[in-house]
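Two complexes, one shared chain (chain A), two partners (chain B, chain C).
This part shows the complex of A and B:
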């Protein structure tokens, strides 16, 4: 009780920061509800709010199909990155070999290779393999991520070796040790990385831009671009599409927000 | 990484390799006798509500008329479409037909392997071109040959906020005809309403090179003569100096060049010089907000204006004789009277075939119902091709010129010196012969 006056400035600051963080989301939704003649109005609420822009988006592009494609692509990418990262980190920690440091360094360095460098070679390969315009083509080049390997490697290194040794002496094989002992104890890192990989894949733009040839096979960032052009942007429909695109991520967050915050705090990820 | 970086990277990567080495010239097939599929890159397809629906209608109409030809239409934004075509070429997947913008014309003709239509179609081209605006056909020519068949294009027109004109005591019935009148009106609007006077959409990041070139060429300037850059020379530089003086006196609005269209649509700008392709969008967004009018682009005194073209041409890239025939048939269909009726009335571009304007079967009714088209149609008499830059560094050269113009108009230094410095720096990037 005695601390309450001192906490007031802190709370005031937090309220201001929350408003700053939430206002763009609010403005996106309000703009989506505005008719075309009010798009450039700075009023905080439209005079005649309507769902017209949402209807237009659903009519102009196959938005539901696009959202499904994106969910599929983001889920598959996140799952693949977690799986490959976990296996690679386990191998590096469990069976150190001469040059393991070099292997780690190379994996770490590959994280620094910009997308521009691999973009064209990947595109050529995807073309040869017939992966253009497919969800598989969007997922496979991103199925392994150096960041995932590094996160899991560091998490596994701090896992007590004695537990692994005890399991081994009890006759557990490498696979059983990974899936029944190590992985369940790495839940925070696994959850945090899954969420990060999912969001990152959901927001992916350049690779889908290059690979997608038809709108029905597109992901959401390409769908949003359909309302932008050199001849001007259609702000109302674009904000409606952006709102629809944000809903799955928002729903995921609302359902899992405690676990997500927990995961980030416990795994030390920000 | 923003989109511009992506494009620069993709372009650079693709430019490093010879994309389409000149192949032995195959003769186009005389007719289509078996089913064939051709790929068609199109940027109107990537604009929902603007060009997508009309283009889909055109392609469906073509496939109905040519049941043996299937068109695999690929949508890409106009500022990304060249990179996409380059990527396909690098991957060994030759696109057959592409809608590409005029600024890349020379690169497409000389380095991307586009076919010269005179060589490919010969008499068929001459026959198809009958009824087309001759100046429109010139837009796609390089070294005297037609590599790009002008498709969707428009010219800069002056959009006017009639309400701001009245509020400033001006008569929107008599819009400014010269740059002096534009400056006077812009100053009055700015002083009496506090809104922006005028703004030419001649600066980036939205491509405004064609507007800048239209202004420069209307004053007798040129951005290059052969391989010699001339954008800092008298005619072109004087035009930029005029814009700078307008900026300093307050008639030229000092707004973010990236938001010029939004500023006009918000009712914050008295006059806006930009492509007529945005007319239908502006009509919708300004309805009930303010009265919009259109006028021809302003002139420098009595000098004739030089409205240049924005927009695109169709380029035939296929090397397969049968696909070449299929692509040529599609080109003809997309530039037919029927197609231009759809393109003009449903997208808003100018018709390349002027004989359909007075024909009740085609555009007569539409033109009568949309009197704002008139200034744009009148300007076609003076249509002046946009000047593309040659050589592998053409984009860098163009960007240096654009940046210099922005600095000269928006900055505080001597505009002539700014342009001269940029010209001297860019000249070594031009081809030497």
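This part shows the complex of A and C:
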């Protein structure tokens, strides 16, 4: 409050950055509203905005079905990563064994293994298990994530040991302590991780591309691809589909944004 | 209410040997205080009774039943932690009632018991708050309530008052003792604060470096410390400990000075010892005879008493005097009343008692240290 003049350049900078971040989103929506004739115009608003691209998308591909598939896949992936992450981190924090440091290092390193390395074995395995063209096939390889384990490990390590001991004195067993004492105090980490895992699953492209055979079983990133072709891209419908694909993410963010910001602020302050 | 028996308890953390063979029997209903400097293994010992820490060797028994390997929740002990360790996401009522919830007590009964426990501790108005919205003293009470509600056989306290300010600490001390009088639950209370220990204990256990130095009622421990460590640790200001030697006749020699000539000790001639005298037992007198002359170099007036720090011939002493005692001369000698003498072997640190028969034969005056000090 007292140094208002000095805040001015800071605010100006933030406004510029926000515009830079938001402009592509704005352009996506505007392009989706443009009729075919205007598609390459650089005007900031179409002369004759219309929803025809959206109509086309819904006819050309089973878009609602695809959105549903994606939501299912992304929710299941996020839930699985949270669950496995919580369990693994809890075990590492509560029962440190000789070599626990090594185990952590290995978990951390697995995060750095590129997808291309595991792609073929995963594909072979998924095929053998009959998981091609299924949601389960999309979820299972991503059900455990090193990132989730690391995030929860750090959150739990700073959770006071005495509180866990108090619960042990109260007669609570290991799993009751995890679900009734530890997890409820991990809310910021849980929210942040859920969102990150959900978004990254939502944006998944290569693995679904490998696994999907039929458009009814596809996820949105595959759906978007339908509007790209050798003869040229159908920009209007593609942007309409992209807009539809972004809405659920936006909704998720609006619901959880307080916890997310909270969590990022906290990890930034450490 | 349960009797606790510790037999040959040891605890090692890798290289460090935190508890080195503790044998201790605590009677049912007793209030025992474990006192010792920080790092001496008090918490570790308490946590082994609770079952939070496994013993490296020895047996913990409650009412004669060995408890090694029994889960903390099944031992019937309740613990109050130094930093309270309340569940941050639960209300006060949920905190207090959690143990009952785990035990499967129906909600209605649970609520009634939470309310009556809260009433005993005067925290009924706080039941809907979360720990973050409580003061230190209030958190302390909630932690007590959580321990009390399950009617445990044993209360374990790990320095529960050390995060409170002085006034609150004194108040809670009284309250814990009051609760103990009402409930008569066997209690083990760990602290590094000797005032707390002396004031609360039925029986005091003094620990040092993983071992028990002395066990006894606080007054006995104060009057007859069993080792130099206990002598120096208990009592404020600290007991004066003067390097001395035992002469061939069994008297004490501090250089050329022969304080309390009437006392005889049965120890090898030339044996190095520490001569201990409480500051309130030392009486200043005009310099005369062969004793060292002391010079006061710091006088602290604490209102109720005066501490005089003095030194002479390489010996540092503290004298404690009544606030209304006449002012002390800057140079003085001291008389050491024989009854006030505590002697400790310099090597083992153990107490050496004067040879009563020999001392009597020499006709030492039966001097009452306490009466003497109030001159």
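Following the convention adopted for this analysis, the second predicted complex is superposed on the first by the 260 of 270 C-alpha atoms of A that agree within 3 Å, B and C clash if a C-alpha of one lies under 4 Å from a C-alpha of the other, contacts with A are read in each partner's own complex, and residues count from 1 in each chain.
Criterion: a contact is a pair of C-beta atoms (placed from the backbone, for glycine too) under 8 Å apart; a residue touches a chain by one contact, two chains touch by 3 or more.
Since this is a predicted model, take the numbers as computed values, not measurements.
For the composite obtained by overlaying on chain A, chain B and chain C can both be accommodated side by side without a clash.
In the superposition on chain A, A:166 makes contact with chain C only, while chain B stays out of contact range. Applying the stated contact rule after C-alpha superposition, one finds that A:175 touches neither chain B nor chain C. Of the two partners, chain B and chain C, it is B that touches more residues of chain A.
Of the two partner chains placed around the shared chain by superposition, chain C is the only one that A:184 touches, whereas chain B remains out of contact.
Using the contact criterion defined above for the overlaid structures, shared-chain residue A:158 touches neither chain B nor chain C, since it reaches no partner. Figure note: vertex chain A, arms to chain B and chain C, all at CA centres after fitting on chain A; angle 150 degrees, rounded to a multiple of 10. Closest contact between chain B and chain C, by C-alpha atoms in the overlaid model: 42 Å.
In the superposition on chain A, no residue of chain A contacts both chain B and chain C. Residues of chain C touching chain A in their complex: 50, 52, 71-74, 77-79, 81-83, 85-89, 98-99, 102-103, 146, 150. Residue ranges on chain A touching chain B, taken from their complex, read 36-37, 39-40, 56, 60-61, 114-116, 119-120, 123-124, 127-128, 206, 209-210, 213-215, 225-234, 237.
Listed in rising order, the residues of chain A touching chain C in the complex are 160, 162-163, 165-173, 176, 181, 184-185.
Residues 1, 5-6, 9-10, 13-14, 43, 46-50, 52, 72, 74-75, 77-80, 84, 87-88, 90-93, 206-207, 261-262, 265-267, 275, 277-278, 281, 284-289 of chain B are the ones that touch chain A when the two sit in their complex.
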